[in-house]
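Note that chain A is present in both complexes that follow, paired respectively with chain B and with chain C.
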Partner chain A sequence: MNNPYFDLLMFARGPLFDLALLVFVAGILIRIVEILVLGRKKDFSKAKGKPVQQGIKTIFTRTLPRPGAIKANPITIVGGYVFHIGFFIAFLLFVPHIALIEALTGLSWPGVGRVIIESATVIAVIAGLALLYTRWKDPVRRKLTTWVDYLVLILSLLPLITGYVAVNKLFGDPTFMMALHILSVDILMIVFPFTKLMHAFTFAMARYYNGSIQGRKGAES
Partner chain B sequence: MSSSPLLPKMMKAHGVSRRSFLKYCASLTSLMALPPAMAPRIAHALETAPRPSVIWLSFQECTGCTEAITRSSAPSLEELIFDSISLDYHHTLQAASGYAAEQAREEAMKEHHGKYLVIVDGSIPLDEPGFSAIAGISNLDMLKETAEGAAAIVSVGTCAAYGGLPQANPNPTGAVAVSDIIKDKPIINVPGCPPIPMVMTAVLAHYLTFGIPDLDELGRPKAFFAESIHDRCYRRPFYDKGLFAESFDDAGARAGWCLYKLGCKGPTTKSVCATVKWNDSTSFPIEAGHGCLGCTEPDFWDNGGFYKPLSAPAGEYRRMGQAALVAGVAAGIGGGYLAKKNKAKAQADHETVDAFTLEKEESES
Partner chain C sequence: MSATAERGVNALREQIDAPVASFFSSCVSCGLCADACIFFQETQDPQYTPIRKVELLRRVWENEYTLFGRVKSMLGLGNTITEEDFTEMERLVYDSCTMCGRCTMVCPVGNDITMMIRKMREGMSAAGHAPVELIGAAKRHTKGNSPMGDLSKAIQSQVKHAIADTGIDIEFDKAGVDYLVILSAQEIAEYPEVIGAMAQIFAKAGVTWTISSEAFEATNVGVQIGNRDVAKYLVTRVVEAAEKLGVKKVISPECGHAYQALRWEGPNLIGREYGFEVVHIIELLDQLRAEGKLKTSGKDTDKITFHDPCQINRRGGINKEPRRLLNMVAENFVETDDAGTMNWCCSAGGGVGANERAGDLKNAAFQLKKRQFEKVAPDKIVTMCAFCHHTLENALEDNDMDIEVAGLTEMMAEYLDDED
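For the complex of A and B:
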């Protein structure tokens, strides 16, 4: 006799995770290495400013919103911050997640208690839903949005929701819920390299590039 | 054994007072999540119910289940209840051996046909009958033959309930659980490696008093297997606070912090270990400083390693990760050069067009 929920959990932790890891790591590397190998045309002009310095500076300065951006799009900007911070608190400070990262990389750090993790999760989910709503509500953004954008946002929210459900033993068998949680992460890892989620790894490169171009021209960035 | 005296007489002989017997019935009642008013009914049933004939079959097992039930704190009431059933056949406990033993089983089957209870511990090998046989009868044949006239079957221990250790990968004997073979009889699974003695006797008491208990989807009595060990664990507050032991002898382990990172399977294991406990409610594995192995769940030997945290991947992730690193970089370099080549080719193939040619093309078309 088998427990189908347990079998699903073992599939999600076992073969599917292995596959997801392969696609995730290889996919990210392919895209980053490809960008680096492709390179840029050499610029023979004499630099008017400090491209390297300004490139590095831009990596950090673009973390803050442009003046007036919060006023123009409050939900997008604030919701974006809240979602990212909440997501990373839940992802990187919950001890079972640290145990996973330790198993993969050998790196470990202390976690925080359930109150912080669960509050961060709930706030991140609310922020994510707000982002989804504004994207759908604003006619301009709606025109600009493809189905992949909706998919990516929903797939990013699913691990938070299923994780909360699993830890709090809501809706049915907790083993099944934990299996669904890991399954949702596996799927997120698989779609990661092929979608805009890649920004998590390319943002620094892109910001440096933009900053250094402007720096070379002696312009602000 | 069928002529053994009724329970009250045996209690007297063992110096067990009626008060402690009623206390035991009350605790059984609460253990089985029954209303308190049921306690006298259980006491009455245990004292007066005609004791059913029980045939205990031991197949591919380690005798740990029998050890657990017979070596509970002596003289325990669990043991008395166990003794008070009419145990007509049990390899380890019966005095008879060889032909006489088998005869006892056959006689019990004939005399109590349709009414006797079969208790099984151990899994059944299907690949080759010779892997496990008793008196020249294969386990499979003996189970089928004995189950035929049984009122119900109790699969004691994870081997009988789900295949257990003998079924662990690569399952050399083709071991299966009782429920994989017998489909037409009520089967109560009491998993555990071994099960808690009090749970085994409480299930017997329930069977004697009310019949088959409410079972979950894995055939386990809901009264004992409805909640996870994690939810009732005394170390749970440390899990909630984010305090975890990193090794078995660090300061956290000595302070009694949560054993999740050391591989505890409490969150996915359903049993009453944390509340009923073992050895006369003295302790249970987590209290002794070791994580739960998940022994009441199917396939617990193959569920990703006893010392691996539940959240850690269980498969070949290291090799996969290394392969992904190499393949990713190689494919990235290959893809990059291919794109470069395409770009160069596009540049080389680029044809220049002047106004004269365009005008000519236009007038031609």
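For the complex of A and C:
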């Protein structure tokens, strides 16, 4: 092979990817088990509402903000939605990604065209940058944000940016760009279980507990 | 680590369970909880962002209940908690939080931040950082019979007054009745009319009831201060009195945190189910209404609005009941913005009202309620918590607002149908 970056690409998609996947899967499992083993004490109060049903319902209903919330925090809420939706379109509906997932799990589904993927990618990156901006500028978020929060947001944007550059051969060596894209994904997977990226899994647990606590009392959630 | 800080950390450690771990794992520091907080809204000071108020609980969780955190702690890189940390958190945990529960409703990942504040206070009080006024109230209540001191003579005399006013007999410690009425200290001291009001409504409805001379007071400073032992002791008093009298139900009074303490926390504090049911007075009145046992005649023509006590509505699930009752007796009932589940706190719940240091913050927080009331411009504000009643009355006066405040039970009794 003539391309000097070929080995890097092979490393990123080969041994490093396998290692990243292992850390990702094992890490998430450990984190979830670590939460569940803590358990919670039996509640002796006589339930007024339906804790289990409301807990499950809240996993879905909490997806929508309360009236007035968007007006108070437009960038965080609209940016949050757009970033998540764009990220998942680019991640889960791009045909080569589906092929990879099929190779790993045997599961597959139809993808969408390049125009949609690329639009979603660009919009998600813009939304991500807006989120970065409000983290930096808004006094509430600035005070809450740690360097890990900035790192995680940047690491989440890198696969989108590098993927777009590699696929469109915008600049640099295409093989090198593809290697960078896969490296960025490997890194994202490795840091995932150790950071707030875990919310992608634990949000369902948190919403369930919130709904079930309120539901027991017959209160809204 | 100092001995007191260690006690605090030990108490925090006991509070960590799967919900807490899932909440901290899910928080992405989006800051949306800030706008839900009355103290942030009125000061715009980022330190009042709710999730920041549970930082020490988060650190205990991270250091001791996550693999990564444990590794960091072993390498000496853990984020240890010092005496200064507890001191620094005091004003955030007690002065700028009424445990109103709005943050719990808006968190996009579903964190019950209010429940974690309750837990955080267990650590704070164990470390010796609870406000002195609350500690004083706890001492008075555990040694005597109310957070205001000895109210046993006061209750006897208020009941005598109620008997004289209504001509209805009220017997203390009467076994074999269906209901045990307990009151809040605020009602006994400041709003005793509620006793006569209940006597009249119950006489019409055929409800049999009594008051215990041993446990007639329902408040529980233990849940505000964050001390399970105090909370358990105070709940046990009511439970023992109710079980001794053999009543079927205990009526939780018009008091927010008393309902929270007796109805929801109590069984868990004593570690078993009660031998009776707990019903909030407004739930009971609404049930009597539904059964046709509570009938009213005439309506108040004043412009009336309703203030939802956080612990009874948002954190207690009693939302439609007071509105059904109020509509029976109010001709011109107008809601404020955000009324119901997302109502704003009176500004002094959760121990803030007793905490002198929090006075300025409390006044700042009330400005939000003030604007809401000004928009509706009611003649009268009705509520179902004696402490909200007390807070609103004083704050309205301080702000030169001439609006009457009334308890819902009294108001129902006022329009009770006299026909047989």
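In the analysis below, the second predicted complex is superposed on the first by the 218 of 221 C-alpha atoms of A that agree within 3 Å, B and C clash if a C-alpha of one lies under 4 Å from a C-alpha of the other, contacts with A are read in each partner's own complex, and residues count from 1 in each chain.
What we mean here is this: contacts are C-beta pairs under 8 Å (C-beta built on N, C-alpha and C of every residue); 3 or more make two chains touch, one makes a residue touch a chain.
All values reported here derive from a predicted model rather than from experimental measurement.
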Margin query: Looking at A:R31 after the superposition, I want to know if it touches chain B, chain C, both of them or none. Which is it: first, second, both, neither?
Written below: both
Margin query: According to the stated criteria, A:R40 is in contact with first (chain B), second (chain C), both, or neither; which is it?
Written below: second
Check: Can A:L107 be said to touch chain B (first), chain C (second), both, or neither?
Finding: neither
Item checked: Partner chain(s) touched by A:K196 [first = chain B, second = chain C, both, neither] -> second
Next item on the list: Could you say whether A:K143 touches chain B, chain C, both of them, or neither, answering first, second, both or neither?
Entry: second
Next item on the list: Answer with first, second, both or neither: which of chain B and chain C does A:F6 touch in the superposed model?
Entry: first
Check: Taking the contacts chain A makes with chain B in one complex and with chain C in the other, which residues are shared?
Finding: 30-31, 34-38
Notebook entry, point to check: What residues of chain A sit close enough to touch chain B in their complex?
Noted result: 1-3, 6-7, 9-10, 13-15, 17-19, 21-38, 93-97, 99-100, 102-104, 108, 110-115, 117, 169, 174-175, 178, 182
Next item on the list: Give every residue of chain C touching chain A within the complex, in rising order.
Entry: 16-23, 25-32, 34-35, 40, 46-47, 49, 51-52, 65-68, 104-112, 115, 263-268, 270-274, 277-278, 313-319, 341-342
Next item on the list: Using the touch definition up top, name the residues of chain B that touch chain A in the complex.
Entry: 161-163, 177, 179-180, 189, 218-219, 228, 231, 239-242, 244, 246, 260-261, 267-268, 297-299, 302-304, 308-317, 320-321, 323-325, 327-329, 331-333, 335-337, 339-340, 343
Item checked: Parts of chain A lying in touch with chain C, wherever the complex brings them together -> 30-31, 34-41, 43-46, 48-49, 58-59, 62-63, 65-66, 69, 72-73, 76-77, 80, 138-146, 149, 194, 196, 198-199, 202-203, 205-211, 213-214, 216-221
